[in-house]
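One chain, subunit A, links the two complexes that follow: it is found with subunit B in the first and with subunit C in the second.
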Partner chain A sequence: MPEFLDHVGASLTRGGRLSSLFGVPTSEGGALQLVAVLAFDASNTLAVGRSQPFQGAFPALTLHHPQAHLFEREIWEQHGAVPQGHPWLKPVRRDHGAGPAVGGFFRVDGREVHEVAVGPVHAGIIEPGHFRFQCAGEEVLHLEIALGYQHRGVEEALPGGPHRASVHQIETVAGDTTIAHATAYAGVLEALAGTEAPFRAQWLRAIALELERLANHTGDLGALAGDVAFLPTASACGKIRGTSSTSRRCFVATGSDAAWSGRAAAPGNSNLHAWPGYAPDSTPPCVTSNRQPRGSGMPRPSGHGSRTPVESTPPRPAKSGWSARPPGRAAWCGTCGLTTPTGWYRFAQVPVSVWPDGDVFARARVRWLEIQRAGEFLRELFDTAPDGPLQLPLPPPTPNTLAVALVEGWRGEVCHVALTDARGRLERYKLTDPSFHNWTGLALALRGQAISDFPLCNKSFNLSYCGFDL
Partner chain B sequence: MFLRDTLLNRLRRGCQTLAYPHGPAPVLPDRHGGALKLEAAKCPPDCTACVAICPTEAITRQPHKPTALDLGRCIFCAECVRICPAGAITQTGNHRMAVRRREDLVLGAQGQEQVRLAGALDDRLRSLFGRSLRLRQVSAGGCNACEADTNVLSTIGWDLGRFGIQFVASPRHADGLLITGPVSKNMELALEKTYAAVPDPKLVIAVGACAIAGGPFQGNPPIRNGAGDCVPVDLYIPGCPPHPLTILDGLLRLLSPEGIPADL
Partner chain C sequence: MTTVLEGLLRLGVWLLAAPLLPGLINKVKAWMAGRRGPPVLQLYYDLAKLWRKGVVVSTLASPGFVAGPAVAWVAVLGAALLLPLGPLDALLGFPGDVLLLIYLLALARFATAWAALETGSAFEGMGAAREVSFAVLAEAAVITAILTLSWQSRSLSLQEMLAPSAGPGMVLLAVGLFTVLLAENCRVPFDDPNTHLELTMIHEVMVLDHSGPLLAAVLHGAAMKLLLFAALLVQAVLPLGDSRPRRRRWP
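Then we have the complex of A and B:
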């Protein structure tokens, strides 16, 4: 166990990014193993580590590596293993009978200080969450965000599967990120099966993923324009969003049928046969390995000559995607589509959009750049349609195997990790939506700002509540 | 120059609100398929192909009874349509599927091959809400897809305001709730409080498969199986998510017997 933590800590120190960290219960009398997925963007590598089984407590990584803070809280909540020394150990989404956000908020005291509580029900058509502001007048000294209201038990429902409903649950992990999550899920299943989707399916998945990015960025730019009272853009973007939304979920609805074009899924025992092939990630996983009994990293190059485009030290705590930014420096775009490309992105990449600042305007600007680049990329894609089948049979998952899939969704890196048991069924399935990394980023971005700017700042991130709550 | 460009651009685009309901309804995307229709009389004896493939257990077949399809549980993946050897389940291409009673979503019995569409509110409620209906939306475990497709109604393309319908920020300003999501247990209390804060008489509208019956998550321990487990529901709008047209049709159906406000 100490060996594992030392290894992970050292990897983070030399610039690793914690894509995921979670517990896997073992059959041996309540013992727990930890699994870490580390991304090294500068060298285009991923590493997966697994600890020895242990019981009880472990020294918190958070003390030296704040990007682990929420993961360790989650491990404590899900498995009871205490990260010793964690400075802010409280539940991530659990209900203690009176609602997930009752009690235990960080408070600032002082005669001029007042506290503002917002939510879970917000003033608009938006998901629920609770925001607790500590303010001196207009200025926000501290914001704490308490989520968990959307918890539907996605991860808990997957072990023993894939089940009939699994693919549909994955598609609705976050209904605005359907393509990215479904692509990651397909990537994991294909990796477990040791196969790859046909090129035509991979190509379609890339198109769907970029359309999802376009639809969401466009809608959010409209929402930002509305919040700064610039109605022409708000109206125009709302109109475009309403007629071009693309994720299958969102899109069934609003109109385009791009998301429904073709079925690339695979028959077989998995649920993929139920899946319109628009999205499945093809490329296997960035990493597949036989499960290692010892906790050592297993780096494997996964890039194909692509480079990390910007020098980027992930901020602390780590953020993901375009909203991640080293404080005061760059709006830093998520790069896992470039540094660890899978599927069609091995053959063609989208340049990463950056803007030399980290405020609301920078986030809006980066999204505008991403819209343009996604559009250009789509035009390229339309000219390069590969022939061949759209679907192939999907072999059963390999027993005792671990698979990882990373997909650059419109908010940032979507990370899925699956472990199979001796019969080839899913034993543990861990989803990490980019929102899991970034909610803390929103809280920190508000410090020193006026509370009246919160709605605007919140929209510039537009993080997922259900993607976090699972 | 920027201001001039903005104004010119706006002028060039003209009115972008759809003609419906005076003009034709927008066409559903090819692969949407619309509401399903079940002609159980066509089912081969002992065939349960659709029952076995349905991801949300929306289809059941009891011995000696006709096959039953619950559009409330259905997420419209249309696997059943593809697998049915007899063509008993078909897509109608019709966006209309909102109903007033839960049982009206169950297809299969003789004479109930399709949904029994919602009727209007009674005269008293229509006189109250017919020209002005204010709704408070509550997402209780919704994945943001139903929310997005509800939000779309407020854009210039749909312009929900022209029907006198508006989403408001406070339940105390509202005539009813529009609920999405299966109702996660963590949201149950907030939903109950929001419901209590809406003055009587009030409406509850359940939008999407989750809000009607739990959707893909039905049976998961952290959720209730739909809004009906917590509050009385007056209108069910199926879909995963429902097309904005389906939602709009449901809302208008409440307000007038023809589905189109008379004075519009």
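Then we have the complex of A and C:
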């Protein structure tokens, strides 16, 4: 156990990025194993480490590596193993039966200091989250965010699977990151089975992922414009977002069923023949006439047990995410381009979008650049449609195996890790949404700012509540 | 008798017409954005709904929490009745009524801020501070505009101040008063009544904890205030008034 922590700590010191860190309960006597997924962006490698089973406490990595702080709190919450020396050990999503906001909050004392509590019920229609500001006048001294109101137990539902409902549960981890999570899930299953999806399916997934990126970035730019009272842009972006979002939804309704879950999807297939003919200056046409609702009487030649995940799962990460930054680093660095590509991104790469600053404007510019590049990438994709089958039968998962899938979702790195047991069933499935890394970043970004800037700042991050709450 | 009838008629017009203006503004905004938008009469529906609802009162609040919106509503209505409507005389016109108008608007603001502080919420206190800070600037602008009109017409009566035709200086006056209208009625770019971005709101912060009929009074008062400022702006700029000698003096 000390050896494991030493190795992880040394890797983080060398510039590694902690993509995931979680506990795996072992069958004998309540012992726990820790698994760490480390990404080295400079050398384009991914490392996975697994500790010996241990019981009780372990020395916290957080003391020297703040990026581990939320992971260690999560381990403590899920398994009861205490990270010794953790400076702020409190629940991540639950507070033992009470609401997440019931836990202790950091308080600033002083006659001029007042505490502002916002949420979980907000004045607008947004997801539930509790924000506790310590303010001196309008200036925010400290912000603490309590989430967990949408905890649905996704990770708990997956072991023993893959179940029939698993893919749908994964798709709803974060409603705006459906494609990225579904792609990562497919990648994990495929890696466990030791196979790779057909090119056509990989191509399809790349299109859907970029459409998702387009839709969300456009919507976010519009929301930012609305927050600074620039209403024409807000309206225009809302309209454009609708188009790409509808296109994405067409994928989910038709193409994606085939691409992600191995079902037959002739309508989706024929739909997509319309795509290469898309005019560069118009939005992609979306043929909705063939749209089939989920669970309709579509032919399903392959059984549910067989899935054809598409993005081949990497022994190495797909992309490094712009949002998968260690908490506390204010610089905004869009690294949408791939350090080590997988799936279709092995054949065509998107340049990294960077803006030399860390404020709201910089985040907006990075989104703007990513929209441009995603658009160009989509045009390339439409011209390079591969032929061949859309799906292949999926072999069962290999027993006693660990698989990692990293997908560059629109928010950043989506990390899925799965471990199988001796019978080839899922033993532990760990999801890390990019929001998990970045909520702390939002809290730190607010320090020293005016509290009235919070909505704008929050929107520029646009983190997922349900993706965090799982 | 006719005076009483006219007074009741004006009262009715102010009370009934006011909620139409936000509806029209929202409709136009929606059209500009390519949306269909809420019905023009939406505020009427909202008021009717709120009137039937119960009220939640903070345990810290004194009766001032209930009195605040009521006082503010009455003050705004009183200010509205002081305003002449184009060629029609003001219902209660008298020399110096313009000062009463300014003070009634200030009273309304004071009552709203008072009710906000009654809730004991840190954020409502913040909202009250914001509202008052903005008011300091907006009131200075209003008083400057009033002084200009007063100097031009050599009068302190609204009827006489607003009647004469607008000179070239009225462009400046119009710009200034329009800015005040936007700031006082929490319109873009000072505030956005639609988004409900909790932490950026100014006026809306103070009414976050009001509910039911109290909130209805706040919303209706805000609509009347918007109509009042719109009427004031139009009359200050356009020569709509009746500049004949006054028929009625107070008392």
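By definition in this document, the second predicted complex is superposed on the first by the 375 of 470 C-alpha atoms of A that agree within 3 Å, B and C clash if a C-alpha of one lies under 4 Å from a C-alpha of the other, contacts with A are read in each partner's own complex, and residues count from 1 in each chain.
Here, a contact is a pair of C-beta atoms (placed from the backbone, for glycine too) under 8 Å apart; a residue touches a chain by one contact, two chains touch by 3 or more.
Please read these numbers as outputs of a predicted model, since none were measured by experiment.
> Looking at the overlay, does A:Pro455 come into contact with subunit B only (first), subunit C only (second), both, or neither?
A:Pro455 contacts subunit C only, not subunit B.
> For A:Gly226, decide between first (touching subunit B), second (touching subunit C), both and neither.
In the superposition, A:Gly226 touches subunit C alone.
> In the overlay, answer first, second, both or neither for which of subunit B and subunit C A:Ala174 touches.
Only subunit B; A:Ala174 stays clear of subunit C.
> Can A:Lys239 be said to touch subunit B (first), subunit C (second), both, or neither?
both
> Using the touch definition from the top, say if A:Glu127 reaches subunit B (first), subunit C (second), both or neither.
First partner only.
> Can A:His114 be said to touch subunit B (first), subunit C (second), both, or neither?
second
> Have a look and say if subunit B or subunit C is in touch with more residues of subunit A.
B
> Could you tell me if A:Glu138 is touching subunit B, subunit C, both of them or neither one (first, second, both, neither)?
A:Glu138: touches subunit C, not subunit B.
> Considering each complex separately, which residues of subunit A are in contact with subunit B in the first and with subunit C in the second?
123-124, 232, 235, 238-239
> Applying the document's contact rule, which stretches of subunit C touch subunit A when the two form their complex?
By the definition above, subunit C touches subunit A via 29, 32-35, 122-123, 125-126, 188-189, 192, 195-201, 204, 208.
> Which residues of subunit B touch subunit A in the complex?
Those in contact with subunit A are residues 6-7, 9-10, 13, 16, 26, 29-32, 53-56, 75-77, 79, 137-152, 154-158, 167, 169-171, 181-182, 184-187, 189-190, 194, 210, 215-217, 220-223, 239-244.
> Within the complex, which stretch of subunit A touches subunit B?
By the definition above, subunit A touches subunit B via 93, 95, 98-100, 120-121, 123-128, 148-154, 156-157, 164-165, 167-169, 171-176, 178, 219, 232, 235-236, 238-239, 241-243, 245, 247, 249-257, 260-261, 271, 274, 276, 464-466, 469.
> Along subunit A, where are the residues that touch subunit C in the complex?
Touch residues, subunit A against subunit C: 114-118, 122-124, 135, 138, 226-227, 229, 231-232, 234-235, 238-239, 451-456.
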